[in-house]
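Input: structures, listed below.
Shared between the two complexes below is subunit A, which pairs with subunit B and subunit C, respectively.
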Partner chain A sequence: MWRLLSLFWVYLAQYLKARMAYRYDFLVQGLTDVVWQLVNLVFILVVFTHVPTLGGWSRDEILFIYGYFLVPYGIFACLFNLWDFQERYILRGEIDRVLTRPIHSLAQVCLENLDPEALFGVVTGLIIMGYAGYRLGLDLTWYDPLVFLLLVVGSVLVYAGIYVAIAAIGFFADAKTGIAPMVWNLQNYGRYPVDIYNRLIRIVLTWILPFAYVGLYPSSYFLGRETYYVYAAATPVVGAVVFALGLWAWNAGVRRYRGVGS
Partner chain B sequence: MRSPERNPWWWCRPAAGLARMWTALRPYVEWVRLRFLLMLAYRVNYYSGIAVYTINIGAYYFLWKALYQGETTLGGLTATQMTTYVAVAWMARSFYFNNVDREMAQEIREGRVAVELIRPYNYLVVKAMQALGEGLFRLCFFSVPGMVLVSFLLPVDLPESPHTWGLFALSLLLSFVINTQLNLLTGLMAFFLLNNEGLMYAKRVVVDLFSGLILPLSLFPEWARAILVLLPFQAISYLPTMIVTGAWTTAQIEQALLVQLVWSLLLVVPIRALWVLARRKLVVQGG
Partner chain C sequence: MYRIEARNLTKTFKTHKSRPGLLGALRDLFTRQYTTITAVNGIDLLVEEGEMVGYIGANGAGKSTTIKMLTGILMPTAGFLRVNGMDPHRERERFVRTIGVVFGQRSQLWWDLAVQESFRLLQHVYRVPDDVYRRHMGYVIEVLDIGDLLDRPVRKLSLGQRMRCELAAAFVHNPPLLFLDEPTIGLDVLIKMKVREFLREMNRTYGTTILLTTHDLSDIEALCSRVVMLDKGRILYDGSLEELRRRWAEEKRVVVEFARPVPVEDLNRHTADLPVTWEQEHPYRSRAVLHQGDGALVSSLLARLQTYPVTDVRVEETSTEEIVSRIYAEGMARA
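Here is the complex of A and B:
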């Protein structure tokens, strides 16, 4: 674990050195993410000038959930930048090089693709949470920051598990499957209260592709929504289980991998 | 004797003018066909696209359903009209949306644009025609089946009169023209900027928000609406979609079509200007 952490710093420093040669690009990349997050924010702000509540949730509560939603996503997107894994590593055969490296292949792939620009989203998320929390007059106890960290780690693991499993499909399929964009769009369901969806979608978001654990459920703990406390408490466990499944799929893929010639 | 084509007043006679325009555009129609066939060859990519759009439409459907609790209308639309708005707006997006700006930026960066410039056609018209081929492909294999799928899943209320559909078709065509013109403009900026990735992305997000795709313009606060009606973006999504929802009177529809027509003509000016400047400025290295 310590070795991974030191490697992480080395790769990060290397990445930043390369990136700072093109500072403008770095800034643009970071800002484009922020712009997209602002669009969603505008949606919430505008809609709530017309209605008092969204399925029994106030504007500031919805904002708080959205703010929380951005934090684990930013951390996940920085660490697990696997979007074009299949194309780069399987179809072009770069995975062969990765498999000869002394650390776990998933760790190696993630380290090579660190995306620190995504961390801009964490900052936006914290600002939105801070604003909404202040307006709601939430009081924090001394252990709440620790709970927050624990829940965020759980949410990051949920994302990581799902997308690692999807990347692992790349070991089995010959061509692009188009599953990742579908799941990416589905995850946006997690930033609103699940009680607005129908039963089927609620079940999917809680048990199958558990995106309710990256936004709504953990935020419920801070918002004092006691109906969801059990789910909030389960977030780290769900994260651990989903990540274990993702890792298992990845390892199965690596075992099955036979190369793509030349 | 002067041939009729040389008559400087040809544009005063609409029939002759149209015939002349057709003769000029005729060879370009081939580009529409070619792009359509190219898309047909890679159609598998599009099945997941339909799913993505359905997921997005579903997300907004549930959001609006919850928002309408205790309200009869929001921004002049009933709940059913809003569901129709969301579904039609997204499915129309798959028709007018294209990546012409991205393609142009790539061709300019890689210097391939030099070859395009010496060919005996107008590069920008070719790009627009390719976009049309792509749009028509998505209309046939994406928007229409997607709309059928969505109308089974969600309570949408589509108009029955062919007249409304005709007006919508005209409006949609104009929204394609305006969106493509904006794409040509951002694409042309690649001649002047070393990296226009950020600009293209910003344009995409701005179009999604200010065109009314995510939020109908009638919901925006008064001051924002006053600005947005002066911009071309509303002509891309809000105006055509409102025609289908049935929330508008005939006079409003006619005005919307007029606004679209004016924008599609106005936007020709900056495109021509940038095009002239760009050709003067172009430096191709090596090759």
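Here is the complex of A and C:
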């Protein structure tokens, strides 16, 4: 683990060095992300100019959940940038090179695709949470930051596990699959309180693709929504389980990998 | 200890057949028909420390699949495999520390980084101590003559420059066993010679065992004491290049030119007691086909020609290239 961490810094330094050559690009990418997050923010604000509450949740509570969501999401997007994994690594055969190096293949793929710009989202998220929390008059105890860290780690692992499993499908399929965009659409539901959806979606978001653990459930701990405390407490466990499943799928994929071409 | 020990190594792939037409595609959705392709069919291969082995075969013979099994990328379907004393796929992370891999068509280097930075990253990946790295890489860089390229980004290198850097990258951790897949593809003659010289040097200095696949047989003539030839997943030949030539080479031919027309019947009569047949190309030139390979025959033949006004003599020998392409064409039939 320490070894991976030290490699993380080496790769990050190299990445930044390479990126410095395109300083302008770096800035534009970061700005695009911030604009995208602002659009989402405006959407929430606009909705609430029409309705006072959404399924019993106030504007500021929803904002808080959105702010929380941005934090694990930003970390996930920085570390597990696996969007075009199948295209780049399987179909073009780059995975062969990865498999001839003495580090776990998933760690290597992640390290090679670090996306530090995504961390802008973490800052945006913290600001939104701060603003919403202030408006709601939330009190913080001394251990709340630690709980926050633990929950964020859990949420990151949920995301990572799901997307690693999806990337692992690439090892089995010969051609592109449409699963990633489908899941991508579903994940956005996790940012809003699940009780505004019907039962089926609620079950999916809690038990099958547990995106509710990357927004609603952990946030409700800070919002004092006691109905969801159990789920909030379960976040790290769910994260560990989902990530373990994702990793298992990945390893199974590496065993099954058959290579391309001659 | 063997560097590579493979017994009855086999790899099969299952692929589904797609039936033609829209109806076929629809039926494929429900019942898929599978075909099994045997890419590598029970090969035995023993490679000892310090050997340089050329692994050749036509496209689709199973070369790459073998290399991918030997390097731990693919898991064998059946058979016994130990490389550097380990199971390549099961002990992958430990195993790959002891091998170097260069795929001619695929880069090990980071596209946007300077060559030097790529080497440094690999140094961290393989955990090579600084002093070892400096001493060893200094030597590698000198032999490959890439000192001037170190500060340039990889994307700005020519193919020849990049290939030499790829080789250096494969030696960052000084592996005892090196796999090269088409290392000289697309390189000009001078760079090819430099690459070969480097490989010989590493083999001499460190005793590096090298297994290389290539379509360019001059690579093998320059480097390998041993050649393994693969066809349709089976080993067709395993031995020295000379033996291969001896076994498959056609008869030697001697082309003789004369100052005046010489009828082929005269020539045949003159050499009737030698294992030689003459073919006439045109009145001034005939070709003697020697049915026996030893050198003395050529001198006996020339002695018989003393009475003729010979202007030129040329001995024709089949090139390795020709021999090998003929074996590919004939396949197992003659093996």
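Going forward, the second predicted complex is superposed on the first by the 261 of 262 C-alpha atoms of A that agree within 3 Å, B and C clash if a C-alpha of one lies under 4 Å from a C-alpha of the other, contacts with A are read in each partner's own complex, and residues count from 1 in each chain.
Here is the rule we use: a residue touches a chain if its C-beta (ideal position, glycine included) is under 8 Å from a C-beta of that chain, and two chains touch if they have at least 3 such contacts.
Every value quoted in this text rests on a predicted model; they were computed, and no experiment measured them.
S.K.: Fit or clash for subunit B plus subunit C once both are placed on subunit A?
M.R.: fit
S.K.: If we overlay the two complexes on their shared chain A, which of subunit B and subunit C does A:Asp96 touch? Say first, second, both or neither.
M.R.: It touches subunit C, and subunit B stays clear.
S.K.: Pick one for A:Tyr257: touches subunit B only (first), subunit C only (second), both, or neither.
M.R.: Only subunit C; A:Tyr257 stays clear of subunit B.
S.K.: Touch check for A:Leu7: first (subunit B), second (subunit C), both, or neither?
M.R.: Second partner only.
S.K.: In the overlay of the two complexes, what angle sits at the CA centre of subunit A between those of subunit B and subunit C, given in steps of 10 degrees?
M.R.: 90
S.K.: Which partner does A:His104 reach: the first (subunit B), the second (subunit C), both, or neither?
M.R.: In the superposed model, A:His104 contacts subunit C only, not subunit B.
S.K.: Is A:Tyr189 touching anything from subunit B or subunit C once the two structures are fitted on A? First, second, both or neither.
M.R.: Only subunit B is touched by A:Tyr189; subunit C is not.
S.K.: In the overlaid three-chain picture, which partner chain does A:Leu54 touch, first (subunit B) or second (subunit C), both, or neither?
M.R.: After superposition on chain A, A:Leu54 lies in contact with subunit B alone.
S.K.: With both structures fitted on chain A, tell me whether subunit B or subunit C touches more of subunit A's residues.
M.R.: Looking at subunit A, the partner in contact with more of its residues is B.
S.K.: Once both complexes sit on top of each other, what is the least C-alpha distance from subunit B to subunit C, rounded to whole angstrom?
M.R.: 12
S.K.: Can you tell me which positions in subunit B touch subunit A when the two form their complex?
M.R.: Result: residues 44-45, 47-49, 51-52, 55-56, 58-59, 62-63, 65-67, 69-71, 74-75, 195, 197-198, 201-202, 205, 208-209, 214-215, 219-221 of subunit B touch subunit A.
S.K.: Contact residues on subunit A for subunit C in the complex?
M.R.: Touch list, subunit A to subunit C: 6-7, 10-11, 14, 17-18, 21, 93-94, 96-97, 99-104, 255, 257-259, 261-262.
S.K.: Can you name the residues of subunit A that touch subunit B in the complex?
M.R.: On the subunit A side, the touching residues are 24-25, 28-29, 31-32, 35-36, 39, 42-43, 46-47, 49-51, 54-55, 175-179, 181-182, 185-186, 188-189, 192, 196-198, 201.
S.K.: Quick check: in the complex, which residue numbers of subunit C touch subunit A?
M.R.: Touching subunit A from subunit C are residues 13, 59-60, 63-65, 68, 71-75, 89, 92-94, 96-97, 99, 101, 103, 106-108, 110, 112-113, 117, 120-121, 124-126.
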